[in-house]
Amino acid sequence: MFRLDELVHRLGGELIGDGALQVARVATLDQAGEGDLAFLANRKYLARLAQCRASAVIVAPDARGLTALPRIVTADPYVYFARVAQLFNPPVLPAAGVHPAACVEAAVPASASVAAGATIAAGASIGENVVIGPGCHIGRNVVIGDDTGLEAGVCIYHDCVLGARCLVHAGVVIGADGFGFARERDGSWVKIPQSGRVVIGDDVEIGANTTIDRGALDDTVIGDGVKLDNQIQIAHNVRIGAHTAVAGCVGIAGSTVIGARCMIGGQAGIIGHLHIVDDVVISAGTLVTKSIHRAGVYTANLPVQPHADWVRNFAHLRHLDALTDRLRALEQRLDKASSAD
Amino acid sequence: MFRLDELVHRLGGELIGDGALQVARVATLDQAGEGDLAFLANRKYLARLAQCRASAVIVAPDARGLTALPRIVTADPYVYFARVAQLFNPPVLPAAGVHPAACVEAAVPASASVAAGATIAAGASIGENVVIGPGCHIGRNVVIGDDTGLEAGVCIYHDCVLGARCLVHAGVVIGADGFGFARERDGSWVKIPQSGRVVIGDDVEIGANTTIDRGALDDTVIGDGVKLDNQIQIAHNVRIGAHTAVAGCVGIAGSTVIGARCMIGGQAGIIGHLHIVDDVVISAGTLVTKSIHRAGVYTANLPVQPHADWVRNFAHLRHLDALTDRLRALEQRLDKASSAD
Amino acid sequence: MFRLDELVHRLGGELIGDGALQVARVATLDQAGEGDLAFLANRKYLARLAQCRASAVIVAPDARGLTALPRIVTADPYVYFARVAQLFNPPVLPAAGVHPAACVEAAVPASASVAAGATIAAGASIGENVVIGPGCHIGRNVVIGDDTGLEAGVCIYHDCVLGARCLVHAGVVIGADGFGFARERDGSWVKIPQSGRVVIGDDVEIGANTTIDRGALDDTVIGDGVKLDNQIQIAHNVRIGAHTAVAGCVGIAGSTVIGARCMIGGQAGIIGHLHIVDDVVISAGTLVTKSIHRAGVYTANLPVQPHADWVRNFAHLRHLDALTDRLRALEQRLDKASSAD
């Protein structure tokens, strides 16, 4: 429970209405009821504001006069909502200390927490307040910054570096070998040792079962504030700029460099050795096969259709070249006919 | 080894031939030999029935007279085959009891089995006959229904609920944080706490390394009898109706609602905030970008081609608009020419 | 540090220049400096050879006269580089022996290494020098060949077979149940027991979080020398021929057979029950929906475009059939007009 004036004291914003009013939860405009603090993040939901049964609401300056509810006026209601939600849902941290069923071969500060079944190899450097979940494996000489948390079953290979205040979800694998082989004439493969590292900045979140491979000679680098969803695959020597967000199931092939503040949609793919500048948005399901030199939104996906329509329309895809030839032939016939007139 | 009359006694169906005949395995029509029970699930394999060397066969009523082999006649031979296969291959369950190398902070019934390296946090509720595999992690206040089994290395975050008779394969992560962030003006991200749960019904099977995120405010919900293959990503607040089956590598983005009895093909993707009704079939590799309001089959994928053909045909895809303009111009020229005649 | 003559003595090739020269690392032409051994693997980088500051370089016979640096001449400089890199980066193997925090119910040779938290079930057969990482689970009757290594958290289900000299990365799941269910009339599913195994050859590398399902009746088979990247899903009864390489995020559906020496690009998908011959290359992001009977390169993906262009061009995709009809109508009008002339 927070009083509205307490929230404004902590998070800023302008309070209109009874500061002593207490709210216990955040909720959407639709679902909010007594004791809830709702938010209007998008003017297209303005109509819902009138019916809203929240006790109070967070609004942008242009909506300050559009409700009689007690309200907090702030430039970005959605960010404000996120910060209030953080206050209402503080992380539940496990007690500090090393569980007796953990196997730790490195120094761990007293403020850190190491759960049962976790293994930490020699030479690892663990920051203050770090939380290592059950069954995690931290390889030789790994560095983990202060206040970083690893959920259950995370594996970090030797020599990798993780910044401060990161959150790594269950099943993530950081620093496995990149996919690097030289091909013999008979088609067999000779492994190229992957001697680079993965170096991850501060404030990075990594979703469940995501994998980030170590570099071949140089490092794979994930910038500060990058947010990675679940089941993303990042190949060796990829570099991702600060604050870029990547949705689930994306694959990024080797040596590709992605700028800062990009947003990559779910199931998108980016082939190797490309360069994508800052502030690029890639739509879901799009395969990027060329470097992108200008900020903007890029797309390549197919419109879903009833199966019968798809069969009818997409049969022509195999014959687009022939179709274009027929069109050109017609143009020439008409041109000829015209000039003959 | 089962006698045919014993099978019919347990599973129903009409027996034609020697009920004392014993069968030891199930097999396909092609591969069956002495001692095998084969099945004809599809009339297109009818020709194989004649050559079949099985000791007996399961057939539908319309094929009852098409073989002289001892046979079981049943409405759905494939379902019958599945049930016989279950009889021949009963699950091998580990002994009940908590392994001394497990770390259990909750009550576990005597009928349950908890393997080495598993951790169960305080407040968890574990049903009768539950099997928790090696290295699994069960978070605070998780509820697991009777007869549910977890293979090795499954992680269930705090407060999530799993029904009865579920089977969860290795590496599955249930209840990791949804991918929810509010964007600051400078492009950095503020985490939105994910305070919902994952609630999974009864008789659900979840394939290896699949991930199901917890909801943001409300829950993520998986209905009874849903079958999920490997490496599926289900985002926060998704709801999947009963008996829907999802093939491998599918990604379903946040807040999308999928009906009952749907079938989603491998590597399909469904973007967020959509609504898909009951009994929809999505073809493999199809990206669904719009809600689907009518049952049926939906498709959007590209015909694979030899690379040279693809280069020739798909170059035109970038210019379809221009192509259409040229076609329209031709039509107008001809119309004009006709009216001039 | 290796002398050049020592390298040539071990790995072959022709030495031109001072054999006593010592090199400490391998590096690319661009990044090499004092003490580095660079390599020219592709004539398109020939210009870089002139500026190269490496101490020595590996070149093909046709480039033997194009540099004054001490050099090793060999038919395939990239393969040679890989072998030199292996010499410079020998694997760091953990000490042999079973960690006291492992739970081992099978015989393990003295040369093998079993880490903390690993579990090995009864009946498993572990080869010489095998390394089982922390938290791995080896099921009943699993066979692991000599010199194979498993990184952390690998799970191998009962009865599966892994050859010699394999490397399995963290989070891999081998032998989970294939996705096999018979559908009841009411839409519910009856599980078909998956009683086959996964059988993996020698010299196979498997990337992090990849999953390979066990067969339904027969086995899933991965040939010798196959290289699998991260997050690949291989369904039940798939068979992959020797030395085929599969990039990240690929999904291969049930019962598909892939030949030897194929290369499958990232995020490609292959539907079930297909047959793909030897020496086929599938481009990234391509969905293969038909069998491929001839070696060669196959592609089906879309050209990425700025979003506005995509909207303009791809709207026509839904109407390709109508477009073709319009073209045909024009052709007929012109033909008619011509014959009327």
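By written order: A, B and C. Residues from 1 in each chain.
Operating definition for what follows: a residue touches a chain if its C-beta (ideal position, glycine included) is under 8 Å from a C-beta of that chain, and two chains touch if they have at least 3 such contacts.
Because the structure is predicted, anything quoted here is derived from the model rather than measured.
When the partners of chain A are compared with those of chain B, the chains appearing in both lists are C.
Chain B and chain C touch with mostly distinct residues; of the residue numbers seen at this interface, under half occur in both copies.
Measuring from the averaged C-alpha position of chain B to that of chain C gives a distance of 26 Å. Looking at chain B, residues 101, 117, 135, 153, 171, 209, 231, 249, 267, 301-303, 305, 314-315, 317, 323, 327, 330, 334, 337 sit in touch with two or more other chains.
By the touch rule above, chain B contacts chain A in their complex via residues 101, 103, 117, 119, 135, 137, 140, 153, 155, 157-158, 171, 173, 176-177, 179, 181-193, 195, 209, 211, 213, 217-218, 231, 233, 235, 249, 251, 253, 267, 269, 271, 282-283, 286-290, 292, 296-303, 305, 309, 312-317, 323, 326-327, 330, 333-334, 337. The part of chain C that touches chain A in the complex is made up of residues 26-28, 31, 76, 78-79, 81-83, 85-86, 88-89, 92, 99, 101, 115-117, 133-135, 151-153, 167, 169-171, 203, 205, 207-209, 225, 227, 229-231, 242-243, 245, 247-249, 260-261, 266-267, 284-285, 301-307, 310-311, 314-315, 317-321, 323-324, 327, 330-331, 334, 337-338.
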